[in-house]
């Protein structure tokens, strides 16, 4: 029997803080040795050839095989989605079990878990709560959280999913009591609805007006509001897809006063702008997502806040709706106004290359920061570190070998998702995954895919640091325990 | 016939910017002459004796003969309320015509106008909109605004009155279209309801917990939210009763980016703190109001923001509920939790003395600033300047002659309202009105009251500067006109 | 004998807070009556014809008949300078008695006072202290301040005048002890010298590089530094000629924490930008001043801070050097680099028209704010209110009757200064003084000048509100008294 | 021959981002293997017994065998200082080669390098520049920097060392041209001198008034000033020993606008306050350092800014003056005022335990952050990463094995420095180094010291990331190249 199943030789191992020239020895799906020169026997030896050996990406915000909140059929199956992720260097996804209003949470989790058995890489779920009834909050969520689903998502907008402030507090309470992180889609629903009605009513239904119905201040408002609610109950939260400077600044202010608020952004907010929503309805629909792409100044601000640490996590928000299928982006018909076009862009496979190219190659961040924002920070934030997100002894052998020199023009043809387009068609990037290993298995190898539906395992998560509350409430009263606890 | 009806001789005339030693000549209720020495004949000559001759106060936030939003019977009639105001140096009040949910606006205005005919001093109305239906917004409000009711009030909390964000936008739209100012009671309703339930549920119903159910961040949140909504529609607003530093800072930030947001505070936030809510339910109820009194640090911050101009207006928020009557503070019973005690404190008569004593005498503000925040700024903000709020040629002879030396211990006995207590019982102040003139009529004269129910006139207001929008929207789209207008 | 020397009939009297339709009665140089209709007899009656009757301007920052700090001969005599001011609606100037390093202060004040006897309008002095020796600080300044020269100016840059931090503290100490305001030209000298050497050394001596040698952060730094020194000794200060958003923001932050720091800007920072420094050396020299003109964004920010009250005073910083005289702008020779060209622009006569046209006519400020920033605020800040800066009973009859409709194209020919150019040649403005009265004397009357050298009187100033310290030091130690005083 | 010189078994390896259970294999002073179980042969095997195995500390700010800037004899030799460091878990020090005014830089570096040959652990130098003459800037510094001394220190205060703004710019220019980091002691010299004179002059010479002569705003000012100078030349800098919230906030603001400004604090600012300066002159002198210890609120703010990343580095600022020797703290005599007492506290050995105890044990930071702020971040900032500051393949085997459970009462007796006291006498901490390895050599082993004078090696530093400029200047002009480069 070999000492190692796999040895990766001659690479430069990059972690979130460090960098080292080391061989990596893998056995039974885990990293068991790092050495200047690994001498043991190995079933397979991979020559990294001086390339970067990095933790596989963690995409903690992706919609896979999930009903849309805005109508339209999710184009991705667990198999296609996770395959595409793996080809793009990502080895863990966190997707969403979504509650419909009027239904429960548990049955949906169970059904979704069944679907997810087709995953090619490891995965976890966030629970979308759209209807926090007594039964949901008191009976269903506690055992689900305790079973390892330690993150909940709330929408502050979208008619099918939105929760109001009171409902947010109810969910925060159960999250804090049972230790779960809450992630938020933060936009002011009423303002968006109002502006949408006005725009569409004025005959301005083209996709470019999608950005006008939800200007930056609409996001800023919801961000400040949900931060207040989190402060009230001392509940750690993450703001999803921060798209603009104004929101990032509010988050930064809250962090500075000690609130446990974390932030995420997505590649689309680094490289797209509202201008990309112009053109025909079909062209604009390709980049129509929420929040809407902003300005070049906002892109720069987001990079700055990534550097500063305000924003710690870059995810795809993969939300795959076909352009040319009747149940996709245009589920409500062709030539409908922007408000009836499914929201979201696919991006599981292109996430890491775009962040690497725009970030590292352009000199905005260093290699370690790249690892941090695409993998390590998400692992910590969602309680799967150090099993994931690091090349360390004992960690799962989820690894991407990165070819930093490769120049690639992104096209739909080269991608492995089931969505029928990419919003980045024609974009040139430098840097692409050469190989991806999922628990030691080489699932992407220089163009060859060796994914296996069902290889992926569900990641149950125990309580962890990031979901610990600070212990400080605005008054001496602890509303969770109902006791006066002083300060 | 005399040249003048009244001459006030030998006073120091103080306006919002200036100060002058001048005799004041009054004819037909208006000021027609200021002179070093007025030589004409006069029916009556008042010797000011070196005291300050200042514009009568304008109390632009007082609840008179109006149903409560939290239950309880308003203890003040138009006659008693305006008499009390006059005795405290105030010569104009702006009270509230309140819509109940399910009812219309116009009928209530008409009924309220009927009651107001008993006023002893001049007055105007804000329209409280609690239910902005199509009929209200499209049919009722426009003619009311056009008829001179150029201010609307919205509550973001209180079950009977609160409007949600969508409703706020609807009202902002009609206000902007027809030119009215909107004033806001800004507190996050859901957070308050949640905290109240938790506190009361934990057996913490004492009045001191009223402050805990609505900590400062609950106000800060609503302030930032309504400012966003105002920015979206470019609608000038005033935030009512700013009670804490956090809110004032958010308002200041918005002012700095050009938003037309104005701010008011009240004497209770200068001199009371949350500690005053302690003691028995009966004791605490005397100072129970919303927002709740805060800390000494907040008091200092409010004075600072008055000095800086962030806050321009100090009103009483006179909300008179009797302590010892069954339909007053304790309408819901004795020994009820804080959440069932009527909110508000009386203060029409004590407003100017407290602001003078704490502000001018303590050296926090100068005389001109005193005039500005108790009279002139409100006159401008609500469109009754220069008819009111100034001692200038042509202005109404609404004048207070102020005895800056008089030391007074405030007691219920000395006041002229119909409420059965004052929250300031026993408080010592320096400075008190010696005489008050309403359109030249001496209604308060060194302890003698000569008010006449019906003397007061309704002030219809034409469009004016402060309600002009800036013309800037977040996008090139003007949602009021439905047109793209560029920037 | 007439009741009045002059009556101004039919005007709209505008003060810093108020506006009134009133006749103005003047006797012995003072305003003694305001009335709806003045009926007494008058030597002269002026028909204002519905035009604005406003307090004459106060230009509290102008260099008249004073040696330059950068070389070059000041082109203005007390006669020409004050005549020009009067023709532009200004009735009070505050100019500078300048100490040279190595000389004393008192002798210069006396010599300057002698020259100033030729003034056509009232005037005061700031004392420029360039060399705060023991004798100056201990012996000379105290009696000068006590005699009514209650303002001192310090330069943080310019080799001939600059004082270092230690010297600033010495001057602050004597100012605080004897009650004087200190005004500051705030730019970081070392940074400017360094950049100048680098630019000129690189052959970049054209006037456009004047702006590059002193970018905004150089001003921001000096502003924050001198504010710290003021906080240390609790000394009220005014920052002269704030030119950029960054400085204004720092001032605003300091004001918010309670520091008594006031701010001034000038018309050149409202209407010129760094682009105006381009062109030939001769062209660029016409607008070369310090701080350098900035960007359009800075102009907008300055207006915003005027509206917000951060900046309260708009002066000319009249610094008159001839373009075509050998001892003017080009005293060091033709074709010299920017660093050897005299700094400053003339502007006494154009100040009020430019502020009116850009401010009031463009809708950025209202009439009262115009009066405040051109007259009243300066009167208060420098201790000559209410004698000056207001149309009130007892005030000096320093009045400008403003023709708000007149459209004027500014040319050198129409101006009354002795400088040989105006930087605003060809600029169109709306609004111009129709008549100016200095203590009741009509010195400018629709194009006719009736100034008299020697008419102007020196304004000795008693202690006043704005120079009162706050009483707060960073520690319990009061460095002025040398005692621990607690907080 | 063994496979390894040393194997550390059974420890928990903590790096700045990651944590892993791994054996560590060391050969020839470097880490060559990390593995779940290291199987090769080893000369020595250390059983970590589940304790933390962390990168040895890097103390990038310590004064060893260096003349004082305030008088007094540095009590530490290179041997004693580095021995003490090693016993406290630190394996690299960066000390100071100090230029005296009037002397050159090179000769001092050479002399200091000679002394440093006695070091027991690896080391580098910062060059203190006190007199940046042409010769120093043009001739001496460039080859020194190129030879690997890539950091310079400037003092903005202390008569013997302080440089003015112009001198700072000169040094920034050479640093930027030749790639060195500049570190700053930032306090406003003139303000301190002024306050000192006033306090001492008033008979307030007790050590408690040391804090009063340099309140927080004096530090804040110098911080903002030097940041401006750094922005002007686009020169990366580190602010030394940030002691208060105000400074940290200014640094955070500058970081947010993209300035490359880094920040350091020290244990004394976490655990001492100004109150500790009270008592007798001898007692107060034990904690007298600059900046002075502040308040508890400042301590909390510093921790917050460590968490936020504003402050990345915690050093000792070891400045050792004996209390009981005539040439130490009281070199100027007993009973002298605070201004004549040598500034500084010893702390090489207690740095890591205090940070661990107050930070990790108190729950303020996690283990990885502890490693980051005591080791990794300094390694990166000063260009010795990944040779130092990490437990990675190829890194020097500078390791501390940390006993997180050990409770220790700090006393002078237990420490290994040559200074005759510790300011932390009697302080209880939890956590202490069990063993320290310097390049694989066990120099501290559970109480046994095995340091060897001369073991330590000088670390010459090549150019690195943190000293790369951003490329942005305030104007298109690059003052370093003398060329217009656009933006």
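Quick notes
For clarity, chains are labelled A, B, C and D in written order, and residue numbers in each chain start from 1.
Here is the rule we use: a residue touches a chain if its C-beta (ideal position, glycine included) is under 8 Å from a C-beta of that chain, and two chains touch if they have at least 3 such contacts.
Just so we're clear, the structure is a prediction, and the values are computed from it rather than from any experiment.
The minimum number of touch steps separating chain A from chain C is 2. For the pair chain B and chain C, there is no chain touching both partners. Separating the CA-averaged centres of chain C and chain D is a span of 49 Å.
For this pair, chain B with chain D, the centres built from the Cα atoms lie 58 Å apart. Our note on geometry: chain A versus chain D, Cα centroid distance of 39 Å, whole angstroms. For chain B, no residue reaches two or more other chains under the stated contact definition. Chain contacts here close into one cycle, and each chain has exactly two touching partners. According to the touch criterion at the top of this document, the contacting chain pairs are A-B, A-D, B-C, C-D. Listed in rising order, the residues of chain C touching chain D in the complex are 164-166, 168-169, 188-191, 193-195, 198-199, 201-202, 204, 209, 211-212, 215-218, 220-221, 224-225, 228-229, 231-232, 474-477, 479, 482-484.
Listed in rising order, the residues of chain C touching chain B in the complex are 13, 15-22, 25, 32-37, 252, 255-256, 258, 304, 308-309, 366, 368, 372, 376, 385-386, 390, 392-395, 465.
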